[in-house]
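Can you read through this structure? Questions will come right after.
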Amino acid sequence: MLEIDTVTCTKQDRCLFDSLSFTLHSGQIMQVEGPNGAGKTSLLRIIAGFARADEGQIRYNHTDIREDYDSFAAELLFIGHKTGVNQQLNAYENVQYWLQVHGAKASEEEVYELLAKLGLIGLEDVPVRTLSAGQQRRVALVRLWLNKAKLWILDEPFTALDKKGVALLQTQFQSHLDAGGAILLTTHQDLTAHFAQLQTLTLEYRL
Amino acid sequence: MWKWLHPYAKAERAYQLCNTLLPYFAVIAVVGLLVGWVWGLAYAPADYQQKDSYRIIFIHVPSAIWSMGAYSSMAIAAIIALVWQIRNAELAVISIAPVGAAMTAIALITGAAWGKPMWGAWWVWDARLTSELILLFLYFGVLSLYHAFEDKKSGGRAACILAIVGVVNLPIIHFSVEWWNTLHQGSTITKFDTSAIDPSMLWPLLINIVAFAGVLGVVTLIRLKNEILRCEQHRPWVRELVNRG
Amino acid sequence: MQFESFSEFLAMGGYGFYVWLSFGSCALILVGILVSSLADGKKLKQAVKAQMAREARIKKAKEESQA
Amino acid sequence: MQTHHSYWLAFKSVYTKDVTLAFRQRAEIVNPLLFFLIVITLFPLAIGPEPALLTRIAPGIIWVAALLSTMLGLDKLFRDDYNDGSLEQLIASPYPLSLSVLAKVAAHWTVSGLPMVLLAPLFALLMNLETQSLNATVLTLLIGTPLLSFIGAIGAGLTVALQKGGILMSLLVLPLYIPVLIFATSAIDTSSMSLAYGGQLAILGAMLAVAIVAAPIAISSALRVSVS
C-alpha cells in the first residue's frame, strides 16, 4: 500500500537518514523508534507529504503522492504533535469543523456519543483552551473513530493520555487494522505485547 | 547508491560550469568597462543641450536595464526551481538578487546625480526613478525573506515564490507608475531623446550595456559558486577541491 | 578626445561633481560587491579546511586512545 | 459517519470558522477599524483643517490608512492555524488547499475590508468629501480591499513560519499594494472633478479577477513551504 523508496533527508547539514526504504501493507502497523533528534517526526512529515525529501519517492498504491496529493490525502489521517485543535472553539465545534473540511458528516448524537466514550462528558461545549493537555489530545483523537482513511500516521498519539485512554486507543488501532487499514506511528510505549503483527523501524541519531 | 551520488555530480557539474563561464564574462566585463568608460567619458561628443552631464547615461541606462534584466532572470530561475525542483536554480535566485539590487542602487544614485543638474533636485518623482525605487524594495523583500528563514531550503523556496509574485506584479507596477506620472504631470522632461541618439554616443552606450551584462554575469557566477559550496560543504568533492587549491 | 587638458576632463564642463559622483559610486558599488563575494568564497573554503582539520584531530585522538 | 464531499461545504466551514472566531474576539475586528479611524484623524491635525486641503488629500489618506489597517489583521490570518496544526490538517484534506485558502481570504475580507467599506461614508464626511467622491470611495474600497486581502495573504503565507514575521510581511506586501493605491486614489480624484472614473474601477476589477485566480495558488504554495 505504502512504499518508501530510498528516501533521504538532511536538516541543517545533518543527514537524518539516507536511502531509507520500506513498505507498509494493509493490516500492518509499524512503529518508528529512535532517540530524540533521530528524525522520526521528519520522516512522518515527509510521508504525509508536508515536507519534501531530498531524495527518493513516497508511493501510495504505486503512484507518487506528489502526483495526486489530494486523493492521497483523502486516504490519509495525520495527527502530529500539533493536533490541529483550535483553542477558541469547543470540542464539538472542533470535531464538526474537522469533519466538514475532510469531506465527512456525522450526526450530533454520534459526535456526542464519541466524545463521551473518550471521557469528555460535560466538556463538549467549553472552549478547548480550558481543558487539560490530555483532554485536548482526546478531542483530536476523536478523529480516529470518524474517518474512512486507510493510512493513519500518528506522531506520539499516546502523549498525555492516561492508561484507560491508551487502552481505548489500542483497541481502535486493532479494529482499524482488522478492517484492512495501516498504521505508522511513533511512540515510546512498548507495543509488542498488544500487536502481534507489529513492525519496528529504528532510526539512529547520526552526527 | 548511485542515486545518492547523482545530485552531488549535478552540483559539482554546475560548479565546474560556473568556472568555465567565468573567464568569458570577466573578459567582457573588464574590456567592456574599460573601453566603454574611456570612450564615454573622454571621446564621445558632448550633448548640445545637456553638455557633459549627459555622460552619466553611460552607466545609468545600462544599470537600469540590467536591474530589470536581473529581476527577470531571477524570476525565470525561480520558476525553474519550483517547477522542476532544481536546487541549483534556487541558489541562482539567491545569487542574482544582491547583484540585481546593486544594479538598482546604481541606477537610483546615478539617476539622482543626473537629476540634480537637469531638474535642480536630487530626487524627482519621475516614473522611471519611482519604478526603480519600488524594484529596489522588491529585491530587498526577496533577500530579507531568504535570510529570515533558518532553514535555507525553505528560505530558498519562499524567496522563489516571492520572486515570481514580484515578476507578475512588476509590469502592473510599472504601468501604474507611468500612468500615475502622466496623470500628475510632474517632471515629464525626458532625460534623453533615445530616438535621435547619435551613433557617436550610441556605440559607447551599447558597449557599456554589454559590459554591465558581463559584470552581472561575473558577480552572479562568483556568488553562485559560493552558494553551491555552502550547501555542499560536507561533500567529498568540495573537500577535494579545497585541498587542491 | 573631447577635452583639451586633464583639468578640463575633470571639470566635465562644470558638471564634474555629478559625473564623477555617478561614476565613482558606480565603481564603488561594483567593486564592493565583487570583493565581498570573493571574500565570502575564501571564507567558505577556509571554513571547510578548518572542519577537515578538526575531523583529522578527532580521528588522531581516537587512534591514540585506542593504541 | 458518512463521507460527504462538497466543495461548497468545505469552503463554508473554513469561512464560518474564521468569521465566528473573529466575532468571538471582537477586538480583532474593532481594533483595525479604530486604527483606521485614528490614522485618518491624525492627518487634519498634522496638516491643518482647511476643508479644501482636506478634500484634496482625502483619497490618499483614506487609502493609505486602509492599506495599513489591512496589514494589522493579516499577521493573524494563518498564525493561529499554523501554531495549532490546523494548517497541516487543511493540507492533508481531500480538498485542494487553494479552496481553503480562498475561504480564509474571504473571511479576512469580511472582518477587515467590509467594515471599512461600510464605514467609508463616515470617513468621507470627516475628510470633507462630496457625494460623488463618496460613491467613488465606497466603490474603490469595495473592489480594492479584497485585492489587499489577496495580495497580503501571499505575504502572510510566506512569513507565517517566522517568529517575527509581522514587519517582514509589511516589507514584502506594501510595494505590491502600489498599483491598487494608485488606481483607487486616482478614481476618487477623478470623481471629485466630476469626471468618469469607470476606467480605473475596471482596472481594479481586472486586477481582482487575476488575484482571485492566481493568488490562491501562490498562497497555498507559500503555506506548503512554511509548513515543511
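Chains: A, B, C and D, in written order; residue numbering restarts at 1 for each.
In the analysis below, a contact is a pair of C-beta atoms (placed from the backbone, for glycine too) under 8 Å apart; a residue touches a chain by one contact, two chains touch by 3 or more.
What you see is a predicted model, and the numbers here were worked out from it, not measured in a lab.
Minimum number of contact steps separating subunit B from subunit C: 1. Should one ask which of B-D and A-D has more C-beta pairs in contact, the pair is A-D. Among the other chains, A has the CA centre that is most remote from the centre of subunit B. The distance from the centre of subunit C to the centre of subunit D, with each centre set as the mean of the Cα atoms, comes to 44 Å. Between subunit A and subunit C, the centres computed from C-alpha atoms are 52 Å apart. Centroids built from CA atoms put subunit D at 32 Å from subunit B. Mean C-alpha positions place subunit A and subunit D at a centre distance of 36 Å. In subunit C, no residue touches at least two other chains. Touching two or more other chains at once are residues 228 of subunit D.
Among all residues of subunit B, those that touch two or more other chains are 233-234. Working note: touching chain pairs come out as A-B, A-D, B-C, B-D. Of all residues in subunit B, only 1, 3-4, 7, 85, 150-151, 233-234 touch subunit A in the complex they form. Residues of subunit C that touch subunit B in their complex: 1-3, 9, 12-15, 18-19, 21-23, 25-26, 29-30, 32-34, 37-38, 40-41, 44-45, 47-49, 51-52.
Those residues of subunit A whose C-beta lies close enough to touch subunit D in the complex are 45, 48-52, 70-71, 73-74, 76-78, 80-89, 93, 96-106, 110, 145-148. Residue ranges on subunit D touching subunit B, taken from their complex, read 154, 158-159, 161-162, 164-165, 168, 171-172, 174-176, 178-179, 182-183, 186, 207, 214, 218, 221-222, 225-226, 228. Those residues of subunit B whose C-beta lies close enough to touch subunit D in the complex are 82, 134, 137-138, 140-141, 144-145, 148-149, 154, 157-158, 161-162, 164-166, 168-169, 172-173, 175-177, 179-180, 183.
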